[in-house]
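Scrolling down, you'll hit the structures one after another.
What follows is a pair of complexes built around subunit A, which joins subunit B in one and subunit C in the other.
Showing the complex of A and B:
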């Protein structure tokens, strides 16, 4: 049986409950029961995206920072296992970044009328995808493993420094459509200052925790399968 | 809602099976 099997099944049940709660808890003008969420004016049902889109963005950041940390560890120790972990984390960060972009685009279609508007938030996430796309391009262009690992590690450190800027800073210092942009500071308060009802906070934080743990499981699987591949090719 | 749950449950099954497969391969390589 896989390690920590029951914890993994518990995590999957946890996330299933988050998905069901996030999509099914009714939104009413004046909540009375614990399972009722308030209607947010102008957003209504579209507000449910907050339970999925924000945790995906958060997980993107966790993954890119992890890639940076493993890059630094590789540069310090020259152990190839750290390079393996760094590229695995970067891959997962890119995957979650794509998911956050897609969920954001779907929400944008319903809220702003089109999938893509070159809003600062959308542009910054696109730039982040380009940065990490270049990371994988760099790796594929180098044949020598040691050189590939060294250059990737340096790149992952620089890219990891830009990630918080593109996710947290740039969208807030420019005017735009996305909640929380310059001139709409109140739009960021549901997340930044937790201006949401207690039951909504429970689902939101349960989703954040669930997605973060899901990332660690994906990471574990990716690293283990990469190590297996290495041991098969280089016995 | 049902589409989201179907996709999620599909991912759940895939993840569990992948984890078990990797564990089996690791165990067989250790022997």
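Showing the complex of A and C:
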């Protein structure tokens, strides 16, 4: 039996259930049964994206923080393994970031009429993409491995402390289009406000948990393959 | 308590002297600003543009002129091979503080020149609230100097220094750029000073956070 075999099977079933529930739970005007979701005016079936798009953004954030924490650990211990984990987390973060941006953008085309509107949350995910892009550009511009690890760790920490400023900056320049914004102040920040019925919350948080576990699985695979790759190059 | 101010001050003096002797950055930056302004003037022609757009363009000029000048402090040390000497004679923190102060003086004087030229040459750009405008220029210079100094220290160790600098700086500077553009718009609208206090608070806290983190992290960047 491979290690974590049951965990992987459990995650497979878990995420399948989330996808089935997210796509198939019927939306009715007045929900009675436990599986019925309310129709949200102006969103209707398009509201289902919340079960997939928001967990992707969440995972991007988890990866960003993980990359930064491993960067700090590298700076403290100077062990190259932490750098390896930091890059792996950043790589996965980039992937989830692109996924969240693309799904959000397609959804925006159908809901707001254009692919990109510079809504506060769109802007903040765009900045995350820029940070990831800059991070990998920096890494490719340095030859010595240890220097590469140190400088990219420093950069990720600086990016990590300046990014939260968007929470204060964004509400000052524009009102949010995102669902949950509805004219209230909190809606125009990059952090979502949740007003969901209980059964929707169950699916939503199940999806968040599922995506997070999926991230850790990916991360584990990526770190292991990166270690193998390293051992080939430096015997 | 290890001395901080005296060594920092000497690093600052050293940089200022070497800059005033060669005037490399000063000349290049001044010409850069003149070029950028004339490009904008020619592209505007006789068009009358809204003041919001002009406020944004002012900070575009400031951003790119900072990006072309502020990396000098660290890049020139690497190019001239004077890094080991500096590492011997001073501890990392004074080096950082000295360079930060030099960059601040450079960017602040540059921004004042840019702002004056901008007000003189662009007719539609009328500042109604001088206090807000000049406070924005001052705090904006602090914020730009704070983050561009540590990024300059990073890119000085990399291969493609010139192009890398704006790429790394932009995501870090964006929250600050959005804030200063907003504050500049307020100064054109002639808002009361109190209305811009929120923006100033963001700029001050941004500068404090970035400088604090830079002081901690600079040691890792600086030591080989």
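Here, the second predicted complex is superposed on the first by the 207 of 235 C-alpha atoms of A that agree within 3 Å, B and C clash if a C-alpha of one lies under 4 Å from a C-alpha of the other, contacts with A are read in each partner's own complex, and residues count from 1 in each chain.
The definition used in the following text is that a contact is a pair of C-beta atoms (placed from the backbone, for glycine too) under 8 Å apart; a residue touches a chain by one contact, two chains touch by 3 or more.
Nothing here was measured: the structure is a model prediction, and the numbers come from that model.
Novice: When the two structures are laid over each other on chain A, which of subunit B and subunit C touches more residues of subunit A?
Specialist: The larger set of subunit A residues in touch belongs to C.
Novice: A:43 contacts which: subunit B (first), subunit C (second), both, neither?
Specialist: A:43 contacts neither subunit B nor subunit C.
Novice: In the overlay, answer first, second, both or neither for which of subunit B and subunit C A:161 touches.
Specialist: After superposition on chain A, A:161 lies in contact with subunit C alone.
Novice: So in the superposed three-chain picture, is A:95 touching just subunit B, just subunit C, both, or none of them (first/second/both/neither)?
Specialist: In the superposed model, A:95 contacts neither subunit B nor subunit C.
Novice: After superposition on the shared chain, which partner residues are touched by A:12: those of subunit B (first), subunit C (second), both, or neither?
Specialist: first
Novice: Between subunit B and subunit C, whom does A:221 touch in the aligned arrangement: first, second, both, or neither?
Specialist: first
Novice: Output check: A:23 vs subunit B and subunit C. Expected answer is one of first, second, both, neither. What do you get?
Specialist: first
Novice: Is A:231 in contact with subunit B, with subunit C, with both, or with neither (first, second, both, neither)?
Specialist: The first partner, subunit B, only.
Novice: Identify the overlap between the subunit B-contacting and the subunit C-contacting residues of subunit A.
Specialist: Subunit A residues touching both partners: none found.
Novice: Enumerate the contact residues on subunit B facing subunit A in the complex.
Specialist: 1, 4-5, 8-9, 12, 15-16, 18-20, 22-23, 25-26, 29
Novice: What residues on subunit C touch subunit A, complex-wise?
Specialist: 147, 150-151, 154-155, 157-160, 164, 167-168, 170-172, 174-176, 178-179, 182, 198-199, 202, 205-206, 209-210, 213-214, 217, 220-221, 224
Novice: Would you tell me which residues of subunit A are touching subunit C in their complex?
Specialist: Against subunit C, the touching part of subunit A is residues 75, 127, 130-131, 133-134, 137-138, 141-143, 147, 150-151, 153-155, 157-159, 161-163, 165-166, 168-170, 172-173.
Novice: Which residues, counting only subunit A, touch subunit B once they are in their complex?
Specialist: It comes out as residues 1-3, 5, 8-9, 12, 15-16, 19-20, 23-24, 217, 221, 224-225, 228, 231.
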